[in-house]
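So, here come the structures, one by one.
First subunit A sits with subunit B, and in the next complex the same chain sits with subunit C.
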Partner chain A sequence: MRRIAGHVVLGALGLACVLPIYWLYAASLRRPGDVHDQSPLPWPLSLANYTDAFAKTDITGMLLNTTVIAAASAVGQLLIALFASYAMAAWRFRGHRVAHLLFVGTWLVPFQVTMLPNYTLLARLGLLETLAGVVVPTLCSALGVLLLREHLLNFPKELLEAARMDGRSSWTILWTVVVPVLRPVLAALGILLFINAWNEYFWPALVLQRSNAVIQLGIRSFMGTEGNDWGPLMATAGLASLPVLLLYLVLQRQIVNAFVRSGLK
Partner chain B sequence: MSVGQVAFTAPSGDAALLRRMSTIRLEGLGRRFGAAVAVDDVWLDVADGEFLVLLGPSGCGKSTLLRMIAGLLEPSAGRILLDGADITALPPQHRNLAMVFQSYALYPHLSVSRNIGFPLRARRRSKPEITAKVGEVAALLGLTDLLDRKPRQLSGGQRQRVALGRALVRDPGAFLMDEPLSNLDAALRATTRAELVELHRRLNATVVYVTHDQVEAMTMASRIVLLNEGRVEQAGPPGEVYDAPATVFAARFLGSPAMNLVDAAVTRDGRAHGPGIDLPLGLPDEAAFPERPVTLGVRPERLSIVPEDGAGLRGVVTAVENLGGEEVAHCLVGSSQVAVRGPRPLGARPGDRIGLTAAPAHLHLFDPVSGRRLTWQPAATTAPKE
Partner chain C sequence: MIGTFVEAVPSLPPRRAEAAARPRAVVRLARAAPPYLYLAPGLVLLVVWTYWPLAQTFFLSFHSWNLVPSTPMTQVGTDNYERLLTTSALGSSTVRTFQVIAGLLPFTLLIPLGVGLLTRGRGTVHRGLVFAPMLVAPVAGATVWMFLLDPDAGLVNTVLGTDVNWLNGTGTALWAIVLITGWHLAGFAVLVVAAGLAGIDPEYTAAARVDGATSSQITRWITLPLLSPTLWFLVLMTVLLGAQWTFPLIDTLTQGGPAGSSTTVYYLLWEYGFRSNDAGLAAAAGVLFFAGFMLVAVPLARLADRAAVREEGP
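== the complex of A and B ==
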């Protein structure tokens, strides 16, 4: 009985989570005139909103840009996290505690605090309105460093020592032993970072004020002072969520692992 | 793999595996961790082809010593020489030493053949050479059928072999082994022990082997180095360390049950006296002996049960343990526990009053203060000498 009640509650919660996403795709598939229709099933189906969105904005270009940004940001964070955590976990060097505390410290500093200094820095470097400007400040994430550090602290020390005895240097040990063994962890963290970067709206909006180079910004081009163009807006939003949803379907286990491991959500 | 399947077959590959082996010399090696001294001023020579066992209780510094030889730990003092060359400052990858770890430390993402070939790939050997060498080592260790497996698909004994193969494959100057058998079950440990001895005999390799297990040390070592609190307590062939322990610690550490140690006093008549003790020491009777307190030691298997009247040791049996082929009787002599070990049945039951005796040749005397062995040197002085 309690089991059934639990399933009912979980089912209801699951439905509540899925409903907005369902409504997004349902609305995007209605005919342009039916966008405000309240019927739960969109009928007749139409792709007009999608063709409209593709006609009005460069959706393909935006998706490509967003992919590049998200991938670059995820790979950059992963690499830096890997190097930093390897150094912090495998060696006891002078000041390693301080280094760790500093990483924890930067993680605790809210985005709103670093936003303006980062913006001025980008302005001086001439990186405003560029994709690089979106990526560079995100390259080092304390989150990645701290998560990987925990994994590397639990990494069997004898494995590193065996590799040293077998003739590997620290650098080759990283690539021939640490990375292959940690591959599931790195994959999970990479996916997490990719999704975070993909979903980022505020920072790209700040850096790219004059253009809508990424998909999350492309959505706003359908929001006007005279009212919102709901049909293509829903279609664009649907396209923006699609890669992440597909990624989730394919790599469900890894993503759940990533969230569980990060202990964040 | 089952215990019965003894590997190390294929003797044909031996010639290629026979090679230059090395000597290791430790000069005043020491290591501190903060204020704690883990290894203190160790001087040691490991001869070419020697199977040297570092033996001692946990925390005696044996693993620390091995890790310093390996280069995984920096010594606080002293030098390490390999074939006469100072390698103290050399990183492990340049030391030409191979190590077998307690956990085996196999690379979980690599197959058996790639695990074994790992040191050769690190040295950028050619592919055909690696394949040939891995095949040769696998044949020697009976791993040929397992080359494509991952470590997690192997039993403990097989993993241990792979770890050994990874050490063998690169023709190291010497092998360092850190309790490589401690993760095996008792039966497998016994067979692997015999196999390791056989392998050592065949390859004539220099081995430094760390263990806390006295059976491993006794059966495998050509020389035992007994460590206690970071210092060498005694070094010598297993028989010598067992038969003539240099200290009370060495006497207690080897043997099961451990050597009986009772407080007594040597009197002018050349006998040991104490509560329940009146034992001739077999010393030459031309001299009068200065009286002195001693710790009297005798191994349980060297004691025999005799009628109580006039026996050297007199006591009461408190318990009898049945070991299958043998029995151990625990007796109370004076206020000391004394164990007697012999073929079953011993003929003693708890509560029996018994007498015990031992040949003077099997009695050991130690200084009760320093714990060091006392020997009788009639020419030099008239007193038992430390």
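== the complex of A and C ==
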């Protein structure tokens, strides 16, 4: 009895979670006149909403920009987190605790509290309305640092010790000993950081206020005060989520584990 | 030799010929430098983009400025704070923020806990489904929910047989935002609870059962206490993440309206800064909000952290 109840509850929950996503793609694939149809299966299928969206905005350009931003953020965050966590795990040094607290502390400072000084600094650096302006402020990911630190603290010390005895420099040890062993962890973290950067809204909205250079902002161009252009709007939203969802189809296990392990974003 | 891994730096420098030849201070500096060099990029970024701006916000809160670089700031003392405290916007948006957090807890704590307890150890097939909304970008989520909640042709009104204008009603807009955020986060929370439950040693429950404890007694006195770190973590996550997720939803769906009924503190700060270009007022509100936020978040973080240490054990 309990077993059946469990399955029913999970089934209902799974359905509630997936239905909106299904509806997004179903509506986007209906013929432009049928967008508001409520038949469960979109039929006849049509790509007209997609061609419409591509014709009205530079979707290709926005997807490309978003890919560049997400990849640059993920790689940058990964490198900086690797260095910082290596420092905190491989040495004991004065200020160790302070450094740790500084990383943890960023979670307690909401963006909205620091955004005005950030904005003026971006303006002074000439980074407003640029893709670099979206990437640079987010390059230090406290999540990445703390997650890698935890893994490095469990790193077999004998390996480091042996490499050191060989007279290798800490830089060589990082790339020849630490990185190869951590590769799966780095890959999982990299995917997580890429997804977060892809879905990021706040920084693009702050930096790219006058242009719609990334897909998350581009979706808004089909929303209007007079009403929404539903067909291309659904198509654009579908395209904005598609890369991450495809990545998820392929790497489901790794992605779920990376998120659940990391917990905090 | 560049430094000593793991072990504390020994107090005696190695007695090597070339080390002795160089001045001691330089040698010591070279030996101490590596960890700081590796830390530098991250820490510099933190200071530049988080901690120094925090100080600047504090400074700005005592000035009047319209964000235009060419116009000078003028010192206004505590004017901004007085303006804030005489209008009701900050207070009512704070209340709304707490409503959002309270409204999210069923999605991020109660449902996951219930589902977790009911389906212990099963349901790996469903993991993939329930987690998917977490990966949908907030703006895309906002779009599809706007479609579902459409007053004329939305699926929600059709199913419920109502004609409510969910996102444009002062009584419903905030709750619609809560529902959408809850949809994004619930599956993730379910998996976190499942991971927490899986981490509990089955020996405890087996032992209690041998002693004649009933299922509900086991849940109440063994499972829940052992799960408490996970639950505290979820509360903390709701407070920290909930706000991050509601911001893009509010910005795309309601812009804080109608009549300010979905303006949370986060959105109010954004409006003060970039809609009314009142940097001083926004900064003052930011300072007050940050102080209040610390009062809530620090104790929660401590609870989650202390509990996590206990869970890991020695």
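Basically, the second predicted complex is superposed on the first by the 262 of 265 C-alpha atoms of A that agree within 3 Å, B and C clash if a C-alpha of one lies under 4 Å from a C-alpha of the other, contacts with A are read in each partner's own complex, and residues count from 1 in each chain.
Note that contacts are C-beta pairs under 8 Å (C-beta built on N, C-alpha and C of every residue); 3 or more make two chains touch, one makes a residue touch a chain.
What you see is a predicted model, and the numbers here were worked out from it, not measured in a lab.
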Practice item. Give one of first, second, both or neither to describe whether A:158 is in contact with subunit B, with subunit C, with both, or with none. Key: first
Check your understanding: Taking the superposition as given, does A:45 touch the first partner, subunit B, the second, subunit C, both, or neither?
Key -> neither
Review point. After lining up the shared chain so the two structures overlap, which partner does A:125 touch, if you call subunit B first and subunit C second: first, second, both or neither?
Key: neither
Study note, to complete from the structure: Between subunit B and subunit C, the one with more contact residues on subunit A is chain C
**Study point:** Contacts of A:246 with subunit B and subunit C, given as first, second, both or neither
**Key:** neither
Practice item. Would you check which partner chain A:169 touches, where first means subunit B only, second means subunit C only, and both and neither mean what they say? Key: both
Review point. Regarding the shared-chain residue A:181, is it in contact with subunit B (first), subunit C (second), both, or neither?
Key: first
**Study point:** Touching both subunit B and subunit C, residues of subunit A
**Key:** 161, 164, 167, 169
Check your understanding: Which part of subunit A faces subunit C closely enough to touch in the complex?
Key -> 2-3, 5-7, 9-11, 13-18, 20-21, 23-24, 27, 36, 38, 80-81, 83-84, 86-88, 90-95, 99, 102-121, 123-124, 137, 139-140, 142, 145, 157, 160-161, 164, 167, 169-170, 195, 198-199, 201-202, 205-206, 209, 216-217, 219-220, 223, 228, 230, 233-234, 236-238, 240-241, 244-245, 248, 252, 255-256, 259-260, 263-265
**Study point:** Residues of subunit A defined as touching subunit B within the complex
**Key:** 156, 158-159, 161-169, 172, 176-177, 180-181, 183
Check your understanding: Which residues of subunit C touch subunit A in the complex?
Key -> 1-9, 32, 34-39, 41-43, 45-46, 48-54, 56-57, 60, 67, 69, 111, 114-115, 118-119, 122-123, 126-141, 143-148, 150, 153, 155, 158, 183, 186-188, 190-192, 195, 233, 236-237, 240-241, 243-244, 247-248, 251-252, 265-266, 269-270, 273-274, 279, 282-283, 286-287, 289-290, 293-294, 297-298, 301
Check your understanding: Touching subunit A in the complex: which residues of subunit B?
Key -> 70-72, 91-93, 97-99, 101-103, 105, 107-110, 118-119, 122-123, 166, 170
